[in-house]
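Both complexes shown next keep subunit A, but they swap its partner, so subunit B is in the first and subunit C is in the second.
Take a look at the complex of A and B:
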């Protein structure tokens, strides 16, 4: 292990550890001075010797806590499952042909839209007073909106759907990036000579090779889905809410009793997220076994049965992902409508009056949040790129292994955000670090770093080392090799890493709000604060504003390499 | 967004109305006694020292009309007094209180992050008793006498807790009900008639999920009204005392009432709106036909913003509705106390009060007594009171005072216990 790798371990590991400990510690406090209504002595007398801290009793006796935990667990399992199935079916059905390229290009901007904005878009479409219901009302002649519960339903279907809409494009892009190394066309060709249809062939031969390459990103999806706050607030159930939502409610409460409850809940959250991972691993094994059995059986002899299987899977695979993308794009269109709508009562499909008041109100107060957001994003992304390059370069020179580091880098994504960020905030307050833009940028760094590092790492791995060898034989020093050969050849990955990092930083809510103590407003914190206003127009405007910058970054990530390499072949 | 900032503010501040008293006392009694040496009675000196200060005003930021108003106030304080006023827009005011507590916990007694906080209710009383607030200062402000606190005692009472000069009033609120007069001819004007009406019109009413402030406010309104009907219950216990072992008995009629109406609520009470703003959207989309707000001018300002139909009307229950005053307070670790006092005084000036009241999108209810406005201003205010959707001053005179702050917490706790876990 190189010194740079060790440094990075420490730099990321120490705050993670300290943050998590500080966030979880209050759960183990034995005193419970909540004052007026509860006698703290009762707790210890009811529970002999106080072996289990009272916060855990309080947590267990909270009404509906089991339901909350179960909802989080299910969301954590169903979201990645739905995303994975739709992406694999899509890739199998399209065989990474032209259609998949088109969809991938459509998926990229969806990836850039912040989760909260996408959730609002979905709610605006599917609520009883949403656009879909208005369309039906116009056709069927309804005067009043139907009284049905879909968004916020206790069964969490809307929550899982909303999360999967955002996660499927992510899984798709990760899968597409890994696909070349699986030699998919040859596998499919081989399977087809054995009598399988193309979709079945892909699922049986490419999927098992591709899956291990996208496992870690999927794990991040599992943890994110089981601990998301903003999406769960918008689309999730309210009676009771998901565990993560309740955790944040308790964490911001002023009483220590509630803070202790929040800490106990954070521990439960950690347990739920890890359980989701564990169950996922279990299913991995079961499915692997089923796969082996199916594959060993060989292709069915009768042609009709083959085609029947194909005939179901192919259209489903073709349709699922594109439909979800269309859903998001329709939602964005609905947000646009809402942002320029004045009076827009049910059941009219379009607003009856138009107005720019939401935009003018937003534009009068967006300079400082915009400046902060960009400054934080640039600071955290620059730090992440520099550190990644230093580490990767040191590793390349010493030929040290990198596998453990890349797994480790996923840790900030595998520990629920609420857990360790709140601990960092306590740490900052104890060490008297005032809330500042810099502190927020440091918080963002932890979430930006994994993506930046992994993108650059793949760039390092992909670069043909013979270029560097050639440069050395021509007398170039290591420094010259780095600046004149590696950096220019890797500029596509550098741009991708930077834009990915910027996108992530720009849409982070919790770290900004908690570490900035409200003094470092960004576009995202302003958007979420105004979302509580509940006005469709304001929500639409800010959701679009919040989406604009990340989308711009994504477009740059796609366009810049094309511009830079416009006179070169084979660089993209 | 709300017209009113008050309504929505309270919704986001519900956590403020929670008892932290014991812990506060235990934790901070040691660090609390270092008040700085600001001479509140020497106003010229305060004004002089305020010049050049930077004041962080922590206030809920979910209302674009209020945000715009405060940025106007900031521009004025800069040009008139040389004070840089920064509105720290909070998604949830409780975070400011959490922060204040954390700062004191960490021994930060001089360079706190907030100079002025929009506070109310239980949190005020908790912070005041724990000596985390600076004061007394409010009654030393030159403009304080304009509220005529001797005639309007509510200017010195925050949820029944005496402010003792630790808080300065800046706006007031009252629970009002509203409906679309094109859909509903005769809205219910008592709790009992609400129940009868709801049976005949299932799905046409709901309330924000407690502990969302507006939802809890409805619980308190119903509790007071239902308790008053019970001849055996002593209504005074609601106002003067924290809930004790009589809580179950006193609140039993409320829970029976809720059990009865829940099947008739929108979505059969399987999901509640999160805020008054969502309630308003639901009314505007005709999902429900009766809604309520904690701001007398809610309907007027919403009509002007296109968020409610011009045919919307508002009213107050026959036996009156809950009302209170909103205050600002200064933490005792605020670095810019003089600046904060100058800002609070400016917020009390007839000019700012009039501006906030006549801003159609904001329509805040002034705290100044009427005769302290100029005759021209009075004429405009009277004219506004006759606008479509406004509640008449005679109706608004039917005010009910807030129960003792600790009831809020108990009601929320019990509601969550009964209904918060789902079915």
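Take a look at the complex of A and C:
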């Protein structure tokens, strides 16, 4: 292992460890019989009076805590399941033909849209007076909006749907990236000659090879979905909210008891997220066993049996993912309409009057949040790129192994954000670091780093080693090799990494809110602050504003290489 | 003062398996051909001489260039040029910038002098005025010629050729082969060719070592 790799392990590992400990430790605080307070972080000389710390009693006796925890657990399981099923069925049904390329191109920009904006879009689309309801009303002749609760419903359908709409494109792109190494066409061809229909053939032969390759990203989806705060604030149940939302409420409360409650909740959150992972692993086993049973049944010989299975799965696979993308696009259209709508009587599909008042109102207050968001994103992404390059270059020169590091880098994505970030906030308080833009950027770094590093790592791995050998035989030093050969040849991956990092940072809510203590507003925190108070028009405007920069980054990732290398066709 | 390339009791192994053992010296202007089926360690031998032998291999013996032992000299300071199967023109650089990449920096030389040197070099390979072109717009034969000229401009003291014609189609192969060997002889540097094509060896016109 090179010194740079060790350094990176320490740089990521130490804050993760310290952050998690600090987040969880206050839960173990005791009041002494004399009324004084025994804080385990300050001294450990006094022994606790009871076996179970009072914060746990407080947590257990909090009304609705079990419901909150169950909601988080279910969201953590259903979101990845829904995403995985829709993506695998889609790939099986389309056999990665022309349709899947088109859908992948549609899915990629959806990835750039912040979770919160997508959640707002879904809310404006599917609410009782939303655009979807208006469409049906116009066709069916309804006069009044239907009476149903979608957003904030205790059954969390909206929450899971909102999360899955964003995670399915992510799973799709991860799967498409891994697909070439499974030699899918050959597997399918072989299975078809043995009598299986194409969709069934893909599910039986390609899926088992593809799944292990996308497992880690799926784990990240599980942890994210079970602990998300922003989407849960917008779409999740409110009576009671998800565990993560309540945790944040307690954490930002001024009373010390609430802090301890938040800590106990953080422990519960960690347990819930790990349970979701554990249950997922259990299902992996069960499904693997089911696969073995199905495979042992042998190939279907009669045409009717082939077609029955196929006939169900193929249309479902073709429809599921495209429908979810259409929902997102319609939601964005709803945001656009709301942002320029004046009067909008139900059930008309378009606003009756148009107005720019939401935009002009937003324009008067968006400079500071915009500046903050860009500054934080640039700081965290620059740090991530420099550190990744230093580490990768040191590894390339020493030819040391990299596998353990890339798994380790997933760690910030496998620990619930709320737990880790609240611990970092406690650390900052104790070391008297005031909430600042820089502190927020440090928090963002941990979530930007994995994606930046993994993108650049694949760039390092993919670069033909002969380029550097050639440069050396032409007398180029290591420095020249790096700056004049490696960096330009990897420019596309560098741009992708930078834009991916910027997109992630620009969309992050929780680290900004907690580490900035509300004093470093960004477009994202401002948009989410509107959830309880904002009108439809204001929400539409801010959700679009929030999506604008990430979308721009996404377009730049595609356009910049073409612009830079317009005269060098070999680079594209 | 180039007295050629000398290999003294070179032996290459993977683990305990011996790949090859070889002693020979190549005079300036001579092209020695090493022939053998794949897996006999031809490319490994070139990697050893050039200075980037992989960790999996162990090597014994010494390499001398112009009387100087090279074993501990890093690849970029050995002054040994390598011609690959593909032209490998840097796709991010223009044709002229590709040629300049290996050009030895001389104290007090003006940029204009370097530019005119490049222009002369392009003329020599029949590509006058191609300096600003995108390398990907060149034909396969043109790319090969630029690659060879880039190598020569770095003023190597020895040249290694790793099956340099095997990715060219038949017609082009003949033309580039003649051009390459004529140029190498004119440059008067020792050259070491590795190939499994007997026609390459015959065109090289030097001694042939079969592995």
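Throughout what follows, the second predicted complex is superposed on the first by the 541 of 572 C-alpha atoms of A that agree within 3 Å, B and C clash if a C-alpha of one lies under 4 Å from a C-alpha of the other, contacts with A are read in each partner's own complex, and residues count from 1 in each chain.
One rule holds for everything that comes next: contacts are C-beta pairs under 8 Å (C-beta built on N, C-alpha and C of every residue); 3 or more make two chains touch, one makes a residue touch a chain.
Note that the structure is a prediction, hence the values are computed from the model and not measured.
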Inset, instruction - Based on the superposed arrangement, let me know which partner A:521 touches: subunit B (first), subunit C (second), both, or neither? - result: first
Inset, instruction - Applying the touch criterion given at the start, work out whether A:193 contacts subunit B, subunit C, both or neither, answering first, second, both or neither. - result: neither
Inset, instruction - Could you figure out whether subunit B or subunit C reaches more residues of subunit A? - result: B
Inset, instruction - Would you sort A:479 into first (subunit B), second (subunit C), both or neither based on which partner it touches? - result: neither
Legend entry - Common interface positions of subunit A, toward subunit B and toward subunit C: none
Inset, instruction - Provide the residue numbers of subunit C that touch subunit A in the complex, in ascending order. - result: 50-52, 55, 74-82, 84, 86, 88-93, 101-102, 104, 134-137, 150-151, 154, 156
Inset, instruction - Quick one: which bits of subunit B touch subunit A in the complex? Just the residue numbers, please. - result: 1-2, 8, 11-12, 15-16, 18-23, 26-27, 56, 58, 61-64, 67-68, 71, 88-92, 94-99, 101-103, 105-106, 108, 111, 113, 123, 126, 203, 209, 242, 266-267, 270-272, 274-278, 280-282, 284-287, 305-307, 309, 406, 410, 416-417, 419-423
Legend entry - Residues of subunit A defined as touching subunit C within the complex: 399, 466-467, 469-478, 484-485, 488-489, 491, 565, 567-571
Legend entry - Residues of subunit A touching subunit B in the complex: 33-37, 62-65, 67, 128-129, 143-145, 147-149, 152-154, 233, 237-240, 249, 252-258, 342-343, 345-346, 353, 355, 357-358, 361-362, 364-365, 426, 429-430, 432, 434-435, 513, 517-519, 521, 525-526, 528-536, 538
